[in-house]
């Protein structure tokens, strides 16, 4: 697999929301990602109980889709991307998934024909492999997943994406212990290896059906760290450690694009600004509207270089203003209208500066994801092409360095100590992958369920 | 120089005026009668012109008899409904037409010496504790204009009052409107009281707070989305359709 | 009652979000409205069933308040205003309301003491008078309302507000018939008269307790028209007629400030940009975050000159990301952070231009509420001080004229016709209030329940 | 010139760093023993240093006997909990301390020739169909570190397996974690199966998807918000507190 060795952009200033170096067109219209404007992406989630029968789940998806489309027509939104993040029953039953996608695509066609509403459909297959319970390469789950990629690609999906699980067992152990070694091993090495094994298969399926291989996210690790770090009142994981884990995430999520994924990336991949700086693919981000799914400390800032703007996932239910899907379609639609209005007025850079100012110094996570710092972390990654390990380590160290160097990025004493310790720990790690892997394979044999053969060791 | 919206000409990336894209072609109302005297009545209804209807009805009652006038009024209103369905008419035009129709109808009934036989009887109300009555009023106007007897109990109506009215008037249908999540549960109680009284009719529930899912979770409940569904629903109930069949027809049920 | 005869601002360009001519300080901190920055306002609504007992409703309000405050602390929001829009059981039981306000205020104090989180509490008493069912000046409901104003003012409320109901009976009849005469009579005359009777009493209660008399809204009429007009796929009320009704709303809501209310205004008073242009009071608006309560066609634009940014009302329930109160506090908080970041960067005018560009030509409602047009409508109002009727009529005609004059404001043929007819109808109305009132009293005697003595006729 | 965040110095109107405002004063762990040999053990626990604990425990087992070592380990862990409660420690420090404690405990138990008598037995699991196990793992570590026997059934555990384990181990408490709204209903079934089996113990339910309201709507359910509540809850159950009393203590119920 070739690795990225240079940046897609000459400097961070060249990066702006709505425009990507390598645009992608999907669905009816088509929806053009990265070609100057931003588009909204709604991610609806069915209610508990609706998965009981195929008829019920189809009805649920029909309603959710109808709500999204009709609300766009009612409010004048020019385009909508709908992502179905599969529930268990969809991925494990490829024919359910096929029926759900067929139905949604027909609804989208109807709105395209009647109103000219542009739309596209993303199939995010659930990675059902739990690394401490199955062999990642040989299990029932992987068969289901590949089949469902195929069945949804054949039946209306415009984009295939996933949130892969590799390295999760080691990462979970490590994040609970502020163990940077395990974090880098889990994210930077194991997850990268898993992606390099799985992604060519996904790309092949997408190519077979002439659709788009989208992207992957470090959700299972990077977001776990970020959510555990939580807000200013939480004391589960230091925010600085979560930010370092995120640096690592970028080195790891890059593998999808090295395997042929083209974007749109996955919404919850907060590492995407770094991915965009390196690859130039259009990125999907979730920000203020993803409050429905989780709290975060950089909800405005992540709009700085976004191409597709999402809400993460909202469970279907009634609110005063309509269904939750209508409500969040509306919020996303107006967010996007604001961004596109800025673009049309020639104020994109001003709006970017505003959104960055909102959150760059709110928390270290926003700090490192601000376009300037993302760009620097990207440079550290592409300068270290020798191994997955080394580029992950470089990303972590660059992240730490940036935080340390900016006097406006305030930290509590506790966070400062955690950062210093993490940095020292990482600096002490071996200089080459083989040594590092040896060390980790022996140390993490104590992690329940960790099976090196899952990764081809 | 500060740039403003005035510097823009192309808004397509920001919003699309779907209303303009889908605007139906203007269309004149179709004639409902070749007889100019009757067509004048229908025209009055179509244009929502009470004076025109009064004048034309007066003449036609004398020359053609009240029943013909009534039939014409109803044909005029049917044309109005068609125009609304096609997006040519908006609600206010329909309401004005229904006002006009009532003027003619009252005149014709007076001439007949008795009220026209109604197509059925509908008891309507807003939920106990709820004063949001516009949707109910609109639906009532439409149902009435389509030849049904409407007993409008108003808003904030106790459940017992609703059931009593249904009993007293041998209603074919009860409808309830609620805009607040705190009031809508009254409809379920209305339905249960009806059962207790042995009155086997459907309860159509509607209004902003009310969801199809909830309404179809208890016996007798049939959910309505739009006021314009009212007349046909009244027709179904008057024709003796069971609440189960009405629900199957009008609601998405799995 | 003196009437406003001039504008608070020299031109619309002087108007900007965050700053008002006549700032108001409320609550712990205090929260300074109109003194350069915007603040978030969350409006939580209890779940059905929670009103069953006093203990239950207290618990519900405790949770909702806690969620709002703790989320601000977790995410670093500097301030929060909480509005309780009374449910029936609060206004009709002044001692329930008192207990709820006492409890919330204590919670706010705790967060102020521990974190320095600034906060304030608004008591919006429910106007329980339904004009076709009671005499507006002599009924049980008015006694409850005045008592509850007093009990909440005495027990923690920082601001008293209300959404009054005058003229609703005539308006409802008229809006269903595109009857501009009835719309002007209901909103411009009857509702104004009702406010002029009620508001001095509210102001007196606020003064007695040393708190702030906030504002009123044309919700019962202007918002009914706007919501019935709906989106681009609705055919209930022409959008142009709803916009004309809104012009009228401004003439009417002004009465509160003439009676001594100082702002913050009511969030759902979409006429507030006009009110601000005339009076200079800080205004509360609801926009993109009020999707939880209703859809609208100007969600970004209404931020153009806002001082306090609200979500309208969200029913309490669980979402993936926490409770709905947490979710919407978060959305509001980030919206406000964006606005304040723009102010700090010196990009307030740019952000204003962006938000206006998003919606000015989306629909006539946004068009007339854009700061330039709001200002013009305000001028028409203050130029017509002779009577409530004449200024309402002037506002309507100016609104129509502005829509007609701007070739970028596209209309369907149907909307154009509706506008032309409405304009002609209004132009044909009498030149003085006495004639107009005579005409209306006789014509609207047919409206069920309309009782002229309710208005002192 | 384009202005950027770098031109700003005062962020107070945009956000407030409450974490800095409320940061607790750094504080050293208090000594738990005046005996240097024992204090070394406690220090190892407090610092989460497995090697230090191993070394110090080895020496002290020989000189003071295993029970004294065990007591000291527990005192050290208590100090860790205090530091966490005060915001001085974060979760990873607690987990590392608990890892270190387990090292010493295992050595002492080996020397004793038998497992220490546990304060009670807790059966823990993630809901059937749910693989989100971090919260459960954290809680398990804390409960274990506080001297309870933990039967960790892992994730995606069928209801019957949970109940069987409770039976087999004479558990004082069952806990369940669920992060998905589609899986949490399993806890209610677990509670019902326990009742059927006549096992009268509380079911603590927790995890992102789970709400206090829902958990307190069925018998046996007690809701937990934070993992750190685990040890005290285990203590309550082991002391024989009924689920009704536990609910009253831990949950807001009206």
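By letter and in written order, the chains are A, B, C and D; residue numbering begins at 1 in each of them.
Following the convention adopted for this analysis, contacts are C-beta pairs under 8 Å (C-beta built on N, C-alpha and C of every residue); 3 or more make two chains touch, one makes a residue touch a chain.
The structure presented is a predicted model; accordingly, all values stated were derived computationally and were not measured.
Traced through touching neighbours, the fewest hops from chain B to chain D number 2. The mean-CA centres of chain A and chain C are about 40 angstrom from one another, to the nearest whole unit. Each chain gets one centre point, the mean of its Cα atoms, and the points for chain A and chain D are 31 Å apart.
A straight line joining the Cα centres of chain A and chain B is 49 Å long.
Residue positions of chain D with contacts to 2 or more other chains are 3-5, 8, 11, 14-15, 17-18, 22, 181.
The residues of chain C that reach two or more other chains are 73-76, 232-233, 315, 320, 337, 340-341, 344-345, 347, 350, 353, 357-359, 362, listed in rising order. Under the stated contact rule, the graph of chain-to-chain touches falls outside the line, ring, star and complete shapes. Listed by chain label, the pairs that touch are A-B, A-C, A-D, B-C, C-D.
Against chain C, the residues of chain A that register as touching in their complex are 45, 70-71, 73-76, 230-234, 287-295, 297, 299-300, 312-315, 317, 319-322, 324, 326-328, 330-331, 334-335, 337-338, 340-342, 344-345, 347, 350-351, 353-355, 357-359, 362-363. Residues of chain C touching chain B in their complex: 47-49, 51, 87-88, 130, 133, 172, 175-179, 224, 228, 232-233, 235-239, 241, 315, 349-350, 353, 356-362, 370, 408, 410-415, 418.
Residue ranges of chain D in contact with chain A, taken from their complex: 2-5, 8-9, 11, 14-15, 17-20, 22-23, 26, 84, 87-93, 95-96, 99, 129, 131, 133-134, 137-138, 141, 154-156, 181-182, 184-185. Contacts from chain B toward chain A in the complex involve residues 3-5, 7-8, 10-18, 21-22, 181, 208-209, 211, 213, 252, 254. Contacts from chain C toward chain D in the complex involve residues 36-37, 53, 55-56, 59, 63, 73-78, 114-117, 318, 320, 337, 340-341, 343-347.
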